[in-house]
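Below you'll find the structure, written out as structure tokens, and then a few comments.
The first chain written gets the first letter, and so on, giving A, B, C, D, E and F; residue counts start at 1 in each chain.
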Amino acid sequence: MAVTCLLELTPGNSFEGFCLVKEVKQEKTKKGDPYLNVTVAKKHKMVACKLWNNGFGGRTVEELLTVFSNGSMLYLTGVASEYNGQVQMTINEFRLAENGEVDVREYIESAPESVESMEAEIRSYIDEIKIPILHQITSELFEDHKKLFMHHVAAVKMHHNFRGGLAYHTLSLLRIAKNICDQYGEAVNRSKMYAALTLHDMGKIIEMTKDFTAPEYTLFGQFLGHIQIVNQMIDRKLVGIRHERSVSIEEVTVVYELMNIISSHHGPLSNGWGSTAEPITLEAHLCHMIDNIDAKINMISKATADMQEGEIQKVWGLGKLYKPREIE
Amino acid sequence: MAVTCLLELTPGNSFEGFCLVKEVKQEKTKKGDPYLNVTVAKKHKMVACKLWNNGFGGRTVEELLTVFSNGSMLYLTGVASEYNGQVQMTINEFRLAENGEVDVREYIESAPESVESMEAEIRSYIDEIKIPILHQITSELFEDHKKLFMHHVAAVKMHHNFRGGLAYHTLSLLRIAKNICDQYGEAVNRSKMYAALTLHDMGKIIEMTKDFTAPEYTLFGQFLGHIQIVNQMIDRKLVGIRHERSVSIEEVTVVYELMNIISSHHGPLSNGWGSTAEPITLEAHLCHMIDNIDAKINMISKATADMQEGEIQKVWGLGKLYKPREIE
Amino acid sequence: MAVTCLLELTPGNSFEGFCLVKEVKQEKTKKGDPYLNVTVAKKHKMVACKLWNNGFGGRTVEELLTVFSNGSMLYLTGVASEYNGQVQMTINEFRLAENGEVDVREYIESAPESVESMEAEIRSYIDEIKIPILHQITSELFEDHKKLFMHHVAAVKMHHNFRGGLAYHTLSLLRIAKNICDQYGEAVNRSKMYAALTLHDMGKIIEMTKDFTAPEYTLFGQFLGHIQIVNQMIDRKLVGIRHERSVSIEEVTVVYELMNIISSHHGPLSNGWGSTAEPITLEAHLCHMIDNIDAKINMISKATADMQEGEIQKVWGLGKLYKPREIE
Amino acid sequence: MAVTCLLELTPGNSFEGFCLVKEVKQEKTKKGDPYLNVTVAKKHKMVACKLWNNGFGGRTVEELLTVFSNGSMLYLTGVASEYNGQVQMTINEFRLAENGEVDVREYIESAPESVESMEAEIRSYIDEIKIPILHQITSELFEDHKKLFMHHVAAVKMHHNFRGGLAYHTLSLLRIAKNICDQYGEAVNRSKMYAALTLHDMGKIIEMTKDFTAPEYTLFGQFLGHIQIVNQMIDRKLVGIRHERSVSIEEVTVVYELMNIISSHHGPLSNGWGSTAEPITLEAHLCHMIDNIDAKINMISKATADMQEGEIQKVWGLGKLYKPREIE
Amino acid sequence: MAVTCLLELTPGNSFEGFCLVKEVKQEKTKKGDPYLNVTVAKKHKMVACKLWNNGFGGRTVEELLTVFSNGSMLYLTGVASEYNGQVQMTINEFRLAENGEVDVREYIESAPESVESMEAEIRSYIDEIKIPILHQITSELFEDHKKLFMHHVAAVKMHHNFRGGLAYHTLSLLRIAKNICDQYGEAVNRSKMYAALTLHDMGKIIEMTKDFTAPEYTLFGQFLGHIQIVNQMIDRKLVGIRHERSVSIEEVTVVYELMNIISSHHGPLSNGWGSTAEPITLEAHLCHMIDNIDAKINMISKATADMQEGEIQKVWGLGKLYKPREIE
Amino acid sequence: MAVTCLLELTPGNSFEGFCLVKEVKQEKTKKGDPYLNVTVAKKHKMVACKLWNNGFGGRTVEELLTVFSNGSMLYLTGVASEYNGQVQMTINEFRLAENGEVDVREYIESAPESVESMEAEIRSYIDEIKIPILHQITSELFEDHKKLFMHHVAAVKMHHNFRGGLAYHTLSLLRIAKNICDQYGEAVNRSKMYAALTLHDMGKIIEMTKDFTAPEYTLFGQFLGHIQIVNQMIDRKLVGIRHERSVSIEEVTVVYELMNIISSHHGPLSNGWGSTAEPITLEAHLCHMIDNIDAKINMISKATADMQEGEIQKVWGLGKLYKPREIE
């Protein structure tokens, strides 16, 4: 009997069910016959499929591409085999899902916590920012952009590229920061840490498209990068506040210090990773290091998720990784 | 008879005349006696001086420092000797110059062209910017800041650290760019080049103090760097224009492209020299290369000015330099 | 109706006409059937073609390779399709062009100016070299080698790899240099610049084969590189002059200074790009920077020629490149 | 009246009291007269002193060096002046403190928590190691070496070079690790983290002398480094356990995995900072990042402790640092 | 008539004979039909083969993989063609060789000298170690592990990856070292050189599997690397000796010095090639340089073995290589 | 009684005897009194001296500098003290040695073998070059330049900076090469190795002054470097031979191959150490590695010569070095 949930598909099974299209590529065999390489998904599970031209049902490639496009929900039948250790499916039949036939939210990978609880928790961190101008700017920017911010992915490819990834990544950093502030006491300025971490990647809502299936860099993102974009947002807020009330030189200074922390959160300029200024405060150094921890934990967890225990594999950007066997 | 103009002072002479104080340091002999190391100058000529405590005339170091401070004009008598191939002077007597006694402009190094002619020529380049929104932003920023801009130094230490250095450097780049635009025709966009070059270092009026004798990085300069500062100026202008009229997406795009050229005028991020985005257009690559040419010509001319013909010396940041003998 | 000029070929057309063979590779399908990958061209336009074995007409691969060889002129019929955004043609019929049937010069990419005018202009720069021994050496080497020099490509793959590319590149540098010499006055020595730039890449006539279709590094080129080769040419000239007249130490020195400028025109040794000595004069630094400007303008123009306006692509050696939309 | 506690000494005061000798250097004036540069301290406060030869009291330098030696307690009288912004003292009279006259513990800088409480807390972390062989090895090594371990410095110069610094640094990492384990759940293996962090720097008890005043690298430390030294300790324990009972291959594997985490806690080999193997598990990457956080917080806190608010200074290994003004 | 010895196989021949399987990969054609890529060998000669599914003889891929597995001896018939300048064979028929039918030693590449003579010569070097504790440790480790050591490969891929490669590489280094010791006299300590070179790669018997056909890194190898593994072996010997007799501090020191030489034989830490300590003696620097010489000679000899005279090829890790024509 | 041989001078002695002046520097005390820092030597022993102005005997500094100049032989009396672990002498009286009073050869450091024997041995290697054109060029260049070559230093500062150092270094490389050729048989071409090694540093006779006391880079040396200089010598020989007889293409090729080996003997271009072409033969790689071995042995031997056994010191370019205690 055919498997109906993509999460359960293994080699040798046939499949009948819904799935979400993540990526479509036209290819040709060496003989010149067209076929499609299609990646379909349910949540985190991705399956590579082939639609050979004997399965086109007489349609042209152009017609097929109106069905097989990023983000469309399909009903497929096919047969799964195994290739290089991965499930692969040959598509036999296909149609677009009809409206209301299936709930798309069950097919999209999302942050493991609810948008509502994440939003509340981030707001609680913002509430602890004791420097008034930092509190005002952070709070206003968060409220202005929270709709996009709470659902946006945090990356094109690497870590946190899922719905709500940006908010979840931001929240994870705030939690680590809280513990470090608790542990090191006055050595670390809690208000600056919370303001900087809440805002540090907010420029990504403009740097990348909000598409959850296949986000891309925008033109503006490539002109300026997310760091300069968020610094622009902060500057516009500062200009706005100055229109309403007088702002002391100490206040301007602390806002520029905030922009420095954000400017340098990719580390020193010499590493060439895209900081736009050198880190010159403890908080600036800390933001970079905390960002690194969350990114690495997520990349490594993701990379080892499908590995066998005891296996070693080479992973791009991380070198070799070993997945230990359980021993406890 | 004593030399009265610092430009003519050589070892063995005595000196009586005016000079400008560039730098003052308190020192102590090994025995603990205080003395002052003072650098005085007329135009480009700098002379290292010593004021031993037998020349203090009973004054305390604190009293002396009110006389010997950066930028003050002094009347000195002293005797010049030679040390490690350089003139060095022991100060015997000193007093502050009185108001009107001497024209300070004769003692400050300035750009080799007049402020008026440089300002007119830069404005003529701005007039050739054919993309209206780039013309408006560049023109307004130039007019807003021209007072500071036309007299500012361009660097703390290296090339162009003289009065008007920023304007002179900017103008030199515009002239090279004009010739390259003439030579390569449509391959290079003249409007973008002129806008970007006029603005590329304008952030330095905030990054560095306007002091012509001993400029320093400001706190804001160290928080953001001159690239982010000028991008902020451009963004505020864009916001202002939007308040007055509707701005098309093509116009916004070209303004962001301008910010990208400026963001990347220190070269690719991987060199770690402080670009805040990658260069992604020909104009961005060109700005970096033209900036480099003018900087190198000025640094090498300066470094070899005092060398003997036929001599080789090691110069910081440039390696060994050879000053050729005349042969033509 | 079939397209007859390769410059006009687009996907979906059939083609009947002449073209020049640039590259031929034997391949096999997974089933083991042989076929040919052939690149044909007219001027700058290159089209990738496939000749399947059902189009071999009974000939063996060896027989086919006497027809499909680098530089041969063919008459082809075929059908163009589109693959990964590029035109691709399946060859149906083919024959060698007969003598006189077609003018090969219409199929080869050449410098955009005539050989005669370029030669005259380079000679006019040589005439401005005021240091007699530099003038003599540069002039004699140019006259000795002008036949090869005027038609040679300047590179195996990158910029200026077309007929006359070496002369055109050399001339472009001389023009930039002229403007910089005009602008910076005595700071730059015009005679040394013109001598060095005329000769800087002349070693390439030995480093690379003179083939305009597919130039390759020669064995001697790989043993020594074009810098050491041209320095050898200069040295042989110097030895020759010494056989005819006495040469002063100042003259020898300036010839070695010339060799230093050429030796270092790939920049400092530390970049590992093949300079054979450190740059130690302003002219040496300038040669490197001017060479860079011309190379980058040509590489970027070439890379963006086929891009859509508004598009961003990753280009080897240049990173991402953006082709702006017209706005003026 | 003279100041009697070194912690209160400021320029202009005279001093009479006890202090600890940290460093002694013989010097000569240019005239050839010998004198001593002596650094004395109480807790974290260090004062540079000079003993001129008119203060030698007829003793030879050799005799003086028996009094002024690292770690000796002296009673001094002298006068403090100010030099380059720092207190400096000229010593007038001196004698060795007599037994029982002063409590040396009041003069040595120590970790800010008691040895007893730190030892108990580290032990509580060890108790949470749930993999028996890791628990046994970690626990035994800690008990074997706790005497040295609890009092040892953690560095020759940089962060944590004070009595108990090694234990305090170890404990700080364990605390950060605890919070990260709590936050990320099963993604991180708590047992391996606690075992690795407890042991990661234990090799320093052999790599550096236990001297609290001026620790130095030992010969063995320079032959192998602290990573190989602690791996040797772990291996000897493993050999010992094998003599007592049979050890499964899974157990050996997890011990080698522990050695890998420790081997790579300085980051990837390519950074050249002394890791002895590549990190291949999440725990290995995490150890490196957590170690970095604690080290940076301590280095920056130390470096900014004596800076003025609002000041920027260049600090070796950290670049420029800014000490913010209070604003909250 | 068919070729029966793989060493003589050239394109166009058919083949009937024995060969050793070195590598097997399952593949699929674009149509989805399975086939096998098999590499077979005799001595140093490797031939890439294809077994299409029309040659499967009705067997499944799983069944085929029991025949085609690393290290199995097969009797094959097939036809050789030429592809990209290399021999390639299509397999028609195949069977496993029967016991005794063929001598596997004639199919495995081995060191060019006999195991017996190499073992005797290495032992003669060990006999010249005049420092007793180094002699004892080296001699015992050699005798303990000589069975594995004498037959082990020295590398997974690069130089010396053949049976006995580890012993042959070790012996080559000892021979170079002997000559350098003879030439430089007392400057170099012969005993330390011989001990360090004999042991330097002994950890590879644990770092890599002993398989001569397709060696792989072991898990332990990836946890610690061969340097830490052999240092562990040395340390265990030292512990053992201490159980039997008292060992002087001078003896312990020289053993640690030996471990330092081995720890640093991949060069300085900054190159990131896996040394586990900095070289701090002449012998440590020499070991690294001698190791390099033997490795390079072998890699280059291997890389040029199949090149034509006069040819230039790019070789991974070595750049371009030229194979000279004979001229003598 | 005073010591009369500088080799025996230790702190506390007075001295009366001859010595050679290696370096002279004018200095001033902080009070402005002039004095001289003079380095004197006998063989490898160097002693730093001070001549205070109370020892000037009424002469001016200019008069003193005619006596104290590089390379002059003096008769001195003085008193030795100890400063920072090194002997230091205050000069009381001095005079120039008279002609014939002392044999300067006893004061200059020279190669440890006689010029005659080294010359004969180098010639015997040249005799083994079996490729006629390489033999002719090497032999002629050696005979042309042997006078300078046999006595020249090999370096300005580092290894082999003594009389005959160039010949001794060359000979050492030839000896190592002989053994490697013997060991590796046909893999290495003996003729090319001997020709390349004999000539590899011959350009230094022009790159550096022949002064044995304080050699310096010449102007020509800095324009081209010793590699391009010797390649020029070889090319001039090749041109000369062509005037006398016809030279085959194979012969030209092998001469260029020789120039490639020399061009690349500082290693790959990417290290930035001054190779002028990439190494593309085994012999080219070997020359670099053998050169490295001899250089390192000499630098380390020199650096550790004055160290105590058991001591560790940091040495420029080598990192830390340990001088082992004797144990055998």
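The definition used in the following text is that contacts are C-beta pairs under 8 Å (C-beta built on N, C-alpha and C of every residue); 3 or more make two chains touch, one makes a residue touch a chain.
Note that the coordinates shown come from a computational prediction; the quantities given were computed from them, not determined experimentally.
Separation of subunit C from subunit D in touch steps, taking the shortest path, is 2.
The set of chains touching subunit D and also touching subunit E is given as A, F. Chain centre most remote from that of subunit B: E (centre = mean of CA atoms).
Relative orientation of subunit A with respect to subunit C corresponds to a rotation of 120°, obtained by superposing CA atoms and rounded to a multiple of 5. Interface equivalence for D-E, evaluated over C-E, A-C or A-B, points to A-B, where over half of the contact pairs coincide by residue number. Note on chain placement: the centre of subunit E and the centre of subunit F lie 41 Å apart, centres being C-alpha means. Averaged C-alpha coordinates put the centre of subunit B at 61 Å from the centre of subunit E.
A separation of 45 Å divides the Cα centre of subunit C from that of subunit F. Residue numbers of subunit C whose C-beta contacts span two or more other chains: 30, 219, 222, 253, 257, 268, 278, 280, 312, 320, 322.
Pairwise, the chains that touch each other are A-B, A-C, A-D, A-E, B-C, B-D, B-F, C-E, C-F, D-E, D-F, E-F. Contact residues of subunit A toward subunit C in the complex are 28, 30-32, 217, 219, 222.
The touching residues of subunit A, when paired with subunit E in their complex, are 29-30, 35, 50, 52, 81, 83, 90, 310, 312, 320, 322.
Against subunit D, in their complex, subunit A makes its touches with residues 130-131, 172, 175-176, 179-180, 183-184, 187-189, 191, 250-251, 253-254, 257, 268, 278-282, 285-286, 289-290, 292-293, 296-297, 300-301, 304, 312, 318-322, 324-325, 327-328. Partner subunit E is touched in their complex by these residues of subunit D: 219-220, 222-225, 227-228, 231-232, 235-236, 239, 253, 256-257, 259-260, 263, 268-274, 276-278, 280.
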